[in-house]
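Two complexes come next, and they have one chain in common, chain A, joined by chain B in the first and chain C in the second.
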Partner chain A sequence: MKKTWGVLGILLFVIALTAILNPRFLGDKNLLTTLRWSSLYAIISIGAAFVIITGGVDLSIGSVVGLSGTLLALLLEKGTPVGLAIAIVLVLSAAIGFAHGLLVTKMRLQPFIVTLCGLLIYRGVARVITDDQSQGFGNSYPRLHALVEPVGILGAAIPVPFLIMAAIAIAASIFLNRTVWGRYLFALGRNEQAARYSGINTHAISIMAYVVCALLSGWGGILMALDVNSIQPAQFGNFYELYAIAAAVLGGCSLRGGEGSILGVVIGSAVMRVLYNAINILGIPNTWEFVIIGLVLLGGVVTDELVRRWAARRRAAREAEEPLLKG
Partner chain B sequence: MPDTSPPFLEARGLAKRFPGVRALDGVDLDVGRGEVVAVIGENGAGKSTLMKILAGVQTPDAGEIRVEGHPVTIDSVRAAEALGIALIHQELNLCDNLDVGANLFLGREPRRGAFVDGARIEKDAAALLERVGLDVLPGTIVSELSIGRQQMVEIAKALSTDARLLIMDEPTSSLSQRETKHLFRVIRDLKARGVSVVYISHRLGEVKEVADRVVVLRDGRNSGGLAKGEIGHGAMVKLMVGRELTQLFPHEARSPGSAALEVVGLRTPVHPRHEISFTLCAGEIVGVAGLVGSGRSELLAALFGVERAAGGSMRVEGRSVVFRRPLDAIRAGVALVPEDRKAQGLFLEMAVRENLSIAWIRDRGTFVDPAAEGAMAGAAIAQLRIKTPHDLQLALFLSGGNQQKLVLGKWLAMNPRVLLLDEPTRGVDVGAKQEIYRLMDEFAARGVAILFVSSDLEEILGMSDRALVMHQGRIAGEVPRAGLSEESVMLLATGSAA
Partner chain C sequence: MARALALMAVLASAAAGCGKEDAAAPPGDGKMGGPITAGGKVKLAYVTNGIDPFWNVAAAGAKAGAKEFNAEVEVLMPKDLPDQKRMIEGLLARGIDGIAISPIDAKNQVGFIDEAAGQTHVITHDSDAPASKRRCFVGMDNYNAGRAAGKLVKETLPDGGKIMIFVGRLEQLNAQQRRQGVIDEVLDRPAQSADALKADPPTGELTGGKYVIVSTRTDGFDYAKAKANAEDAMVATPDLACMVGLFAYNAPMCLEAIKGAGKTGKIKVVSFDEQDATLQGIKDGAVHGTVSQQPYQYGRHSVRILAGLARKDASVLPPKGFLEIEIRVVKKDNVDAFWEELKKLRQ
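Take a look at the complex of A and B:
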């Protein structure tokens, strides 16, 4: 919970600074775009958080985003009905996550390697099936495009991706904090051996986390593709796994596993997007983009580590004063 | 010329305390030049601490050490090496990804300019390997060698630093018989060259074969010594045991109920050739004694489905069971309190409540009901008298005894029929020990069958209705409560009984 306040502080600071330096940041159009893309980032970041909480990592998120967006466009172009096309993309995404989970648990391969291979493979497949030609939806499929348009709610325009993200975030939050499976997920991340000794089916839980991650990547990829409407198979979704991992870590997930809150991850995603937006809107040359995002992220984790050490020192000092507890 | 020079090593009054334990309490040890001294004692008698002090791994709180008559301070491994003392650990300290030559000269490689002088390593390594009778090329990668050969590399490495006293901690624990024979030949050869050896072992047969003299430790003190002619199984065991029963054990013998756990021909993956069979009855407490490495933990791991058994069959309350994973065992009514509570039993950074409920929530529907969970945890805290300010405290902050109760409390609400405990009182203080004994007795009174592994003989004698004694992967014997004594157990545990 403390970490959630921390990342919220960072978000408000960046928003305030940007708004003061350039009031255009608060313009309707800019706010809508920022909210929409913050939500799209959050969807894939929530998936990343599931895997990170188990103590694993998924580097293939960006490539799954790329593949699912490309594949959707390709299927629609070939005349596949919209519903079927979406179903195919989601089933494929889930299958990818299932494969990752099997390789990590049953084959005992390292998540980093498995999903790094995934990163290369799915990107490559996206380029092969399209012959590296850019894809798009044009102006067809208005009902599909409605998924990324704003809707009026109580007089305010709210982007639909935000509503979708909110639904996913609430469901994920309930799952993690209220269900037995969520408890197992945290327990697995804290101590896999003890989890097994407590009768938890650790393999099933791990596999589930990878499936959730890939599924949300696939779904995020569909929405992002609809939003950009012009998809370069070689680029679409590049680096998104790193944004997602960064957002999850900013939001309180530890790569050691066992920690994380969905609200924190959602706010972390917003930080990533607002930073990107600030660089554009403040007229900073976008060659600086990675430098700034990298520095903010580094500052965040260094601060977190310093706070953690300070707390540990204070605790040690307090315990030193008390007599040795026994019994 | 009569030898009037002082012995190579004299240690007087060595003492070392750890929180809550007096590991060494005034121990003396002399080792002459070219002498092989065996140091023996029960688990926890202080052998390892003594060796670590001599090798500079730990520093003593009090006492004096002289090497060749000169008082010395051994405050680091480097200082010990400079004095010619080298420790060969039970777990070997080799970089098994590197070759033999690189390991022998690790950290002090001969150089030519900025480069490692490979030719010299090869030449010097070959000479060292010959001294220990090891017929391998210096370029062989260490991981390709058997454990016995790796140990020879370790000895050769010690010799390369001109060691004059080698301390060997359980050197034969993972050696084959042939390798053990070879080791003894090397030891005799070293002896002939004037190198002294301190040999720590649980295997009394080996001690008899290799030692010139035996020093026995008990509870951190010297309990006696035996000269070459006096070394025998009976004499050694007598000096190792013989403590007074100082603690109160609450266990009352009851007439056992029907069979709760029947094990027939069970073979563990570690000792696949040895079959283990026994029956455990409801309400019975059975202790499993044996020395470290005798296969006790492996037995419990197989009984709980942590490791799949290599063979044999099991029945729980008459029903045939096969455990592929702990969940299968839990469903059949078998629970385990594992040996390493921090690694296997607890979620240290999770709340007391969550630690207690982790197994229980499985059958409580999809959603965790905080009220029911709190009630469950509260009942366990009250019944086991777990000292914690509230049930949201992290397990990390509890004392060892209360952490152990937490692991036990995990199974309380599961109503296990068979409770397996691996070293249930390790690292807990006397007060908490008694509480754990009382809880064991309460479980038994409710008809739970209890099997507990312990390296603490007092505990075995005090709590067991009968004891199974393991030696090298098999049950060496069973001792009924009436026949339980330190001697009877130790004779079986050391493989001395006929």
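Take a look at the complex of A and C:
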């Protein structure tokens, strides 16, 4: 929870600084686009958080994003009904996650290697099935495009991706904090052996986490593809796993596993997007993007570690004093 | 028997390789020749600088050239610079009669291009590396094309206004030349020589007469970023009047952003190349015009020249090492005819 406050602090700081330097940052149009982008990235970051909480990592997120967007466009072009096309993409994404989970648990392969191979394979498949041709939706499928457009609610325009992301985030949060499987997931991340010996089916829980991650990547890929409306199989979604992992870590997930909050991850994704937005709004050359995002990320992690040490020292000091006071 | 024939073929090609140097042989160690296949077919490669529908049209031209000039052409589309290097190294290792390259980084690839030029016939297309030992360059004058786009900007904004430029990456020579062409034309500056270009920095406003060029945004070929850049541009510069997309996908991404902001038609768009979304935008009036480079001719002429060089015919080389393919400016009045023709070429 403390970590969530920390990342919220970073977000507010970046927003305040950018708004002071250029007040247009807080205009409706900009809030709308930033909210839309943040939500799209938050969807894949929530998926990343599930795997990170188990102590694993999923490097294939960007490639799954690329494959699902490409496949959706390809299926629609071939005349597949919209509902069926989306279902095929999601089932395939889930199957990818299931395969990752099986390889990690039953074959005991390292998640890094399994998903690194995934990164290469799915990117390659996306390029092969399209023969590297750009895909797109043109002006067709207006109802499908409504998924990424704003909708009026109580007089305010809210991007639909935000509503979708909020629904996913609430469901994920309830799952993690209010159900027994959520507790198993944390237990597994903290100490897999202990979790297994206490009777938890750790394999099933791990596999579930990889399925959630791939499914959300697939779903995020569909939404991003609709939003951008033009997909280049070799590029679409490249590096997005790093954005997702960074957002999750910024939001309080520990790569050692067993820690993380969905709210933190959502705010973490917002930090990443707001930074990119700020770079554009303030007219900083785009070449600075990675430097700035990297420094903010590093700053966040270092501050978090310092605060943690300071708190631990204070606690130790208090515990050392208490017996004296009592005596 | 088969083995004997193969041996004879090897000896024959070795003899051809040791033949006397003539004008068509590239500077180097004279270890040319190699795998000219049976029936006189030459093996050529056409290497692009990325993956884009633009290159599919060029590939169609290269394939047509292959038929016309009795060659076998492999079209390779690398993802990035390391990928391009790897592909070319692969070609050289396997043996090839000629390569047409679109260099990603003209200055720093000189050494590599020279190395390749020592082993086979090398020409550049689309983007040049003038300092290298490439035999010639097939393409357009990107600086002049930029100026043509600048004219489109002035046409669509007769009363002046703020302009922003969008591009995938600025390290490519053609991007730099196009950008400078647009800037110099819009700001009514005299023409520069494309070889010794004095480029303005990417950020910082440039003003000249009625026009202000606010900045140039890069996206590293990430379409989502390209769209976000255009969206953010409209926020940072609320009175933005015109967006110029230097790479084929930039204008379509600008259009997406403009549509989302409900400013279609209000913010003018000037484009390069001919993606469907751009041409549709011209038909709908959302795009004022585009500067097309005729990539089909890049492919066809590259193959023609390489096939000639591989057959030791130096007369195929254009004067001054530059075969200029004329640009075509597409606007509302000629977009239908242009698109029809393009559809035929893409098949």
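Just so it is clear, the second predicted complex is superposed on the first by the 315 of 327 C-alpha atoms of A that agree within 3 Å, B and C clash if a C-alpha of one lies under 4 Å from a C-alpha of the other, contacts with A are read in each partner's own complex, and residues count from 1 in each chain.
What we mean here is this: a residue touches a chain if its C-beta (ideal position, glycine included) is under 8 Å from a C-beta of that chain, and two chains touch if they have at least 3 such contacts.
From a predicted model like this one, the values you see are computed outputs, not experimental measurements.
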item: Combined model on chain A where chain B meets chain C, clash or fit; value: fit
item: Touching partner for A:Gly155 - first (chain B), second (chain C), both, neither; value: neither
item: First (chain B), second (chain C), both or neither touched by A:Phe186; value: first
item: Contacts of A:Gly83 with chain B and chain C, given as first, second, both or neither; value: neither
item: Per-residue contact with chain A, leading partner among chain C and chain B; value: C
item: Shortest CA-CA distance in Å separating chain B from chain C in the superposed model; value: 34
item: Residues on chain A lying within both footprints (that of chain B and that of chain C); value: none
item: Sites on chain B touched by chain A in the complex; value: 19-20, 304, 306, 325-327, 330-331, 336, 338, 343-350, 354, 358-359, 361-362, 364-368, 387, 399, 401-402, 410, 429, 431-432, 435
item: Residues of chain A touching chain B in the complex; value: 178-181, 183, 186-187, 190-191, 193-201, 258, 324-327
item: Residues of chain C that touch chain A when the two form their complex; value: 51-53, 56, 77, 79, 202-203, 214-215, 217-225, 227-229, 231-236, 238, 249, 252-253, 256, 260-261, 275-277, 280
item: Partner chain C, residues of chain A touching it in the complex; value: 22, 24-25, 27, 29-30, 33, 37, 132-134, 136, 138-139, 149, 224, 227-236, 238-239, 276-277, 280-287
